[in-house]
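The letters A, B, C, D, E and F name the chains in turn, as written, and every chain counts its residues from 1.
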Amino acid sequence: MKLIVAIIQPHRLDAARQALTGIGIEGMTVTEVRGYGRQKGHTEIYRGAEYQISFIPKLKLEVAVADSRLDDAIQTLGTAARTGKIGDGKIFVLDLEQALRVRTGETGDGAL
Amino acid sequence: MINSGDTAWIITATGLVLLMTLPALALFYGGLVQAKNILSVLAHCFAVACVCSVLWFLCGYSLAFSGSSAWLGDTANLLLASVTRGGVRAGTKIPESVYLMFQMTFAVITPALIIGAYVERIKFGAVLLISGLWLLLVYVPVAHWVWGGGWLATRGVMDYAGGIVVHVTAGVSALVVAAILGCRHEFPHGIRPPHAPWMVMVGASLLWVGWFGFNAGSALSAGGDAGMALLATHLSAATATLVWMAIEWIKFGKPSLVGAVTGTIAGLASITPASGFVGPEAAVLLGALSGVVCFLGVLLVKRVMQVDDALDVLGVHGVGGALGSLLLPFLTLLGGGVALSRGISEQFMVQALAVGATAVWSAVATALITKIAAATVGLRVNREDETIGLDFAAHGESGYHHTAR
Amino acid sequence: MINSGDTAWIITATGLVLLMTLPALALFYGGLVQAKNILSVLAHCFAVACVCSVLWFLCGYSLAFSGSSAWLGDTANLLLASVTRGGVRAGTKIPESVYLMFQMTFAVITPALIIGAYVERIKFGAVLLISGLWLLLVYVPVAHWVWGGGWLATRGVMDYAGGIVVHVTAGVSALVVAAILGCRHEFPHGIRPPHAPWMVMVGASLLWVGWFGFNAGSALSAGGDAGMALLATHLSAATATLVWMAIEWIKFGKPSLVGAVTGTIAGLASITPASGFVGPEAAVLLGALSGVVCFLGVLLVKRVMQVDDALDVLGVHGVGGALGSLLLPFLTLLGGGVALSRGISEQFMVQALAVGATAVWSAVATALITKIAAATVGLRVNREDETIGLDFAAHGESGYHHTAR
Amino acid sequence: MINSGDTAWIITATGLVLLMTLPALALFYGGLVQAKNILSVLAHCFAVACVCSVLWFLCGYSLAFSGSSAWLGDTANLLLASVTRGGVRAGTKIPESVYLMFQMTFAVITPALIIGAYVERIKFGAVLLISGLWLLLVYVPVAHWVWGGGWLATRGVMDYAGGIVVHVTAGVSALVVAAILGCRHEFPHGIRPPHAPWMVMVGASLLWVGWFGFNAGSALSAGGDAGMALLATHLSAATATLVWMAIEWIKFGKPSLVGAVTGTIAGLASITPASGFVGPEAAVLLGALSGVVCFLGVLLVKRVMQVDDALDVLGVHGVGGALGSLLLPFLTLLGGGVALSRGISEQFMVQALAVGATAVWSAVATALITKIAAATVGLRVNREDETIGLDFAAHGESGYHHTAR
Amino acid sequence: MKLIVAIIQPHRLDAARQALTGIGIEGMTVTEVRGYGRQKGHTEIYRGAEYQISFIPKLKLEVAVADSRLDDAIQTLGTAARTGKIGDGKIFVLDLEQALRVRTGETGDGAL
Amino acid sequence: MKLIVAIIQPHRLDAARQALTGIGIEGMTVTEVRGYGRQKGHTEIYRGAEYQISFIPKLKLEVAVADSRLDDAIQTLGTAARTGKIGDGKIFVLDLEQALRVRTGETGDGAL
């Protein structure tokens, strides 16, 4: 199993979720994060003083998938999250050693 | 004889001016600081209001508004001993109890204005000590000089609702406290933006409404004078807001909400001394000027002087109050203005004297007070507490516990 | 002669009606939008208040409340030139300065109500331009027709505190602006829920209190008429709230807070034209009706017409104001109502004429104004700015900086 | 004859007391609960206000303030049938419409105070039922006994603005409801801290300002009595705040903001019965005492009795109201106090009788009412809904939707 | 070393923490997340308009443990988090290559 | 590639970011988390009742780096985050199997 960790633009969440459910991936976990990268932050000016906001709001999606679904999932997610603008984000893949559904105790692919 | 209409209005105005401190100013200032210091700012406002109320009862009112010596009132009204249930304040048609309460709300908000200078790094004990001493050593004497029959009153100074007594004293003192206290350790480059601009706007809105009580209440009656003060106050605020917005729009490309409401406060502070003496055209003019001048005032303190007067008390209040106090004689010439009892330039000299003397006295006394606080309770929290935030460090609380669970 | 009690009350009422815009309406609307647009809504309310105040000073008051022609006032009071320090408003015992300030707060809140129609997608420049033109082309003439001695006043129209002048004008115009502007791009299915229902409730609460000034202040005196208006206002609000809650409870299984306070506003808008003319029983009856009718009005606009009048200005204000204006003649029959100067059905025809004429004029003029804005400053922000949110896109700010650090 | 100044003040005071419930008390209580229950608390306050307003119209006012029997009023004013447009309330110079509205705001806030006892676990239907029955079975009779010419009035009980009628009734009833309802399932060790102390402070500030209307409005006129009540109210609040802060500072090492504003409310509740009868020195004294006594009262309920009176209604309101009511006779001896019409100890006995009788009646009737609610609509939500939070469980809403997107 | 990533119901946090400390695991990091899965979201109705809330508040626990403690930790966490209702969440296990305590520079199991 | 997951004191964020950009690492993602560990929480007292706040605000930094930059990054981050007080936090390292830049579809080190 693999854990896909995707950093995306907040407003692409619905598109990403729909795309994933479209290919039968029905579980995911979302975290509000702030990112720093090539897309620079912005400046806010209050009463003539400049405040540098370096970190930009992003969402992190974590999706555990069976090995067989990995490529499909990455592909789908990448397409759904893309706007073509700088700051679209990243998709990272980690190896997932175990997975367990708390409610039932199921493990492995069946837990996803 | 007590007039019930006048009394009705001044009781209401008293409520409005209390509202200006609690919660209006608290929200205005609280939204401008970081989330980790929000409660401390609210606590400052709340505690200053309480300390100054009790001091006003003990001796403040007596020393400001009893007797007729040049420098300070007398002790006839310590513990409000001469205030009777039916007693009328001389020169008005309202009960003395109402008059002293109305004045008390001014004595509360003036030291509370200074809070903006020292937020995010001061010890809570120092807030209490400085505010208490400041009330007695700066506010009370100056109020006596200008409104209590003191030497500036004798010279004919005009200060309708406190451009000098409130805004110049607070603004100058704020700078002095900030300078002695030193900058927040992140100043100027690592300072975080206002954590809740919406809160700043709510505070400003309530300040605006409350200011009707402040300025129109200073008529001490419900009639044409109060009405004109109301009108002038509102127009100055509205105009200054638009001017500040225009400046930001031109200069930074976007008009900000925090900027707009800062303009409002600038317009309100500026019209305060003039409100009961001028008509609507003058109010619009002064409002427009105050937008420009206070904008520059803020930049001056922040960029040129590099003093961390964190929430711009001098730039907005001090500069605005002085501006209105100095221009007042000229502004009476426009429609709806009162007739001056002397020549304009003569009146201007009196106004300048009053602004200058008040500024000097405020600076000297505040420096002394701050040094006393430094030597006794201490001024600043340590670096770690500043990093953690005063909410937890000084009050053991957290402003926001929104987390699920 | 000036009566100090009347003056005290109308100054207070002026403060209360200003409070309705700043911050009450701002909070009510601000809580209903998404977090990324909160500051823009507050900025709209604030800026509209300032623009309209200055326009009122320049010419609005004169064109609405001077002279006695059928269609528009005259220019005698441009720049408030004829307002003197001691002058009394004819037909009242209050200073003209107070009268014009009280009226100014109505001229401020009416265009501010329309904000609810165009939030989350409009350009800030368009807000300013539309509001300013609307004040002059819609509000000022209609106020003159109904309250300033114009053609509807001559025909005997009854509109105590602005069911027609305020709520019908704003409601109809809101629909027109929303229709021309177009829907938010997520409308109707991707719209996010109100980001801060607590803020909506605080806004509604302050609106309720402020409405005492709006309706009971419209008596322009402090006596039995004001008292009866106060009573009617309160009862209609309370009843409409309960009715709205009951409908939601039955229909959706749960009574929501946002629904309850929407009912309150419906009840308040509906009683506005009738408040000074009817007694308590009529107020309860009208309140109950308004809960039902405005609930349906909201659904009608949203589901049937599919216009993105985002915060339901037509459904709540327009429908409510019209309802109260039309039922008013019948409601005077119940205990505590005033005697009509003509037959009920005759009065009803006058009311219907006034509502109809006002609605048509509002629609036509607003369409024109919106087209002008579209052709000059432009109406909508681009899609990207709409996605980012107006707070940063238009004002360069963020509503909430709560993050640790 | 109607006096316009008195009327102006009492209309204003009516607005201020409504403000105390909506939104002041709602914010004060709302900030103290968990984020998942904030909307439910606001909904409780809002709904209780509406239900009690309508009941007041239907029969509450009549049963409390018509006729002169010992136990209950009569039915002459059902549906406010005898209230006329020009009618004056006997013994005052204000319209009866204004008098009954002023009293209505008291009838609204008193049951709303009890909300603090049962938050975070009660069914919404039970809130409505209990509040409605409580208004009719506890508030209305006690108001009649003390203020409506009933048996305690005949005996000469002194309760200026509701130490007994408002605070003792609400405090005792709160304890009874809380005891019957049972603790929140996390009580006492897993309870989460107040989710928004800033909101508590804003609520307390508005309560303070509103209390000017509550106490000084109870003069029913705008003159020296109102002025003295205003002064006493303010000084008690300020002193109690400082005392509570001092206790916390000494005992816990840090003075908290929530503690400070709790002290304020204690000071305000305590001065309520005495406010119009005593002078400033007495107010400071009573304020200081209330800070200590209510602090202990809170600990007593929480630690010793282990009743989950969640927001300390008994400890703060009940104890404070009783304290002021009992000490009142002695406090009139200090400067500015009124002359008693009988001996001090005699008056004390009357006060003690009134406090005792009211407490017993409140306890018995509230127990009955709560049992009725339990047997009909049910009292508590189930454990799962309590865990999810009442906002979603009972109202289908979420308090905060701040997330990006 | 392993990194246990558990998605749980928010109100199970205290139980989970106590259970873990009960077996001597004294460190963990918690994040507020929102989850999407079989447990469907809910609908909120405001003024007659329906708003679909797809994502449900959850908490994510991250617990780094020595290999030897893994089974025990999973077992304990699973039990503490279980309510038996749909939406109880998941436990994922990732391999942890290194761990370092910032304050002391300790690495490996000693850093946990 | 490796994924560095660092739990740090919130006020060390700026220092950490600057240190990382100083060595040419220009991307990272930050999450607000709450930590439990040796540094115990605190107690808040409201109206005489004690509330135990067990979890302390921390920030989690996630930095994906090429294998060759790992040691340098850990070293730099550790130094920047250190205050020497208990609660300074942890640095964890996970193996990163894949990385993809959403905007361009680049993969591997080039995506970072």
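Operating definition for what follows: a contact is a pair of C-beta atoms (placed from the backbone, for glycine too) under 8 Å apart; a residue touches a chain by one contact, two chains touch by 3 or more.
Note that the coordinates shown come from a computational prediction; the quantities given were computed from them, not determined experimentally.
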Looking only at residue numbers at the chain A/chain F interface, is the share used by both copies over half or under half? Answer same or different. different
Higher-contact pair (C-beta pairs counted), B-F versus D-F: D-F
Whole-Å distance, C-alpha centre of chain E to that of chain F, is 18
How many Å are there between the centre of chain B and the centre of chain D, using C-alpha atoms for each centre? 33
Please work out the Cα centroid separation of chain A and chain C, and write it as a whole number of Å. 44
Among the residues of chain E, pick out those that touch two or more other chains and give their numbers. 11, 14, 31-32, 34, 44-46, 53, 94-95
Check each residue of chain B and list the ones that touch at least two other chains. 3-6, 8-9, 12, 192-194, 222, 252, 256, 258, 396-398, 400, 402-405
In the complex of these two chains, what residues of chain F are touching chain B? 11, 14, 34, 42-46, 53
Note: in the complex, chain C contacts chain B through residues 2-9, 11-12, 14-15, 18-19, 22-23, 26-27, 30, 38-39, 42-43, 46-47, 49-51, 53-54, 57, 79-81, 83-87, 94-98, 100-101, 104, 124, 222, 394-405
Considering only the defined contacts, which chain D positions touch chain F in the complex? 32, 188, 191-194, 248, 252, 254, 256, 258-259, 262, 295, 298-299, 302-303, 312
So in the complex, which bits of chain E are touching chain C? 44-49, 51, 53
Residues of chain D touching chain B in the complex: 3-6, 8-9, 12, 16, 34-36, 192-198, 201-202, 205-206, 208-209, 212-213, 216, 221-228, 230-231, 234-235, 237-239, 241-242, 245, 252-258, 260-261, 264, 279-281, 284, 335-336, 338, 400, 402
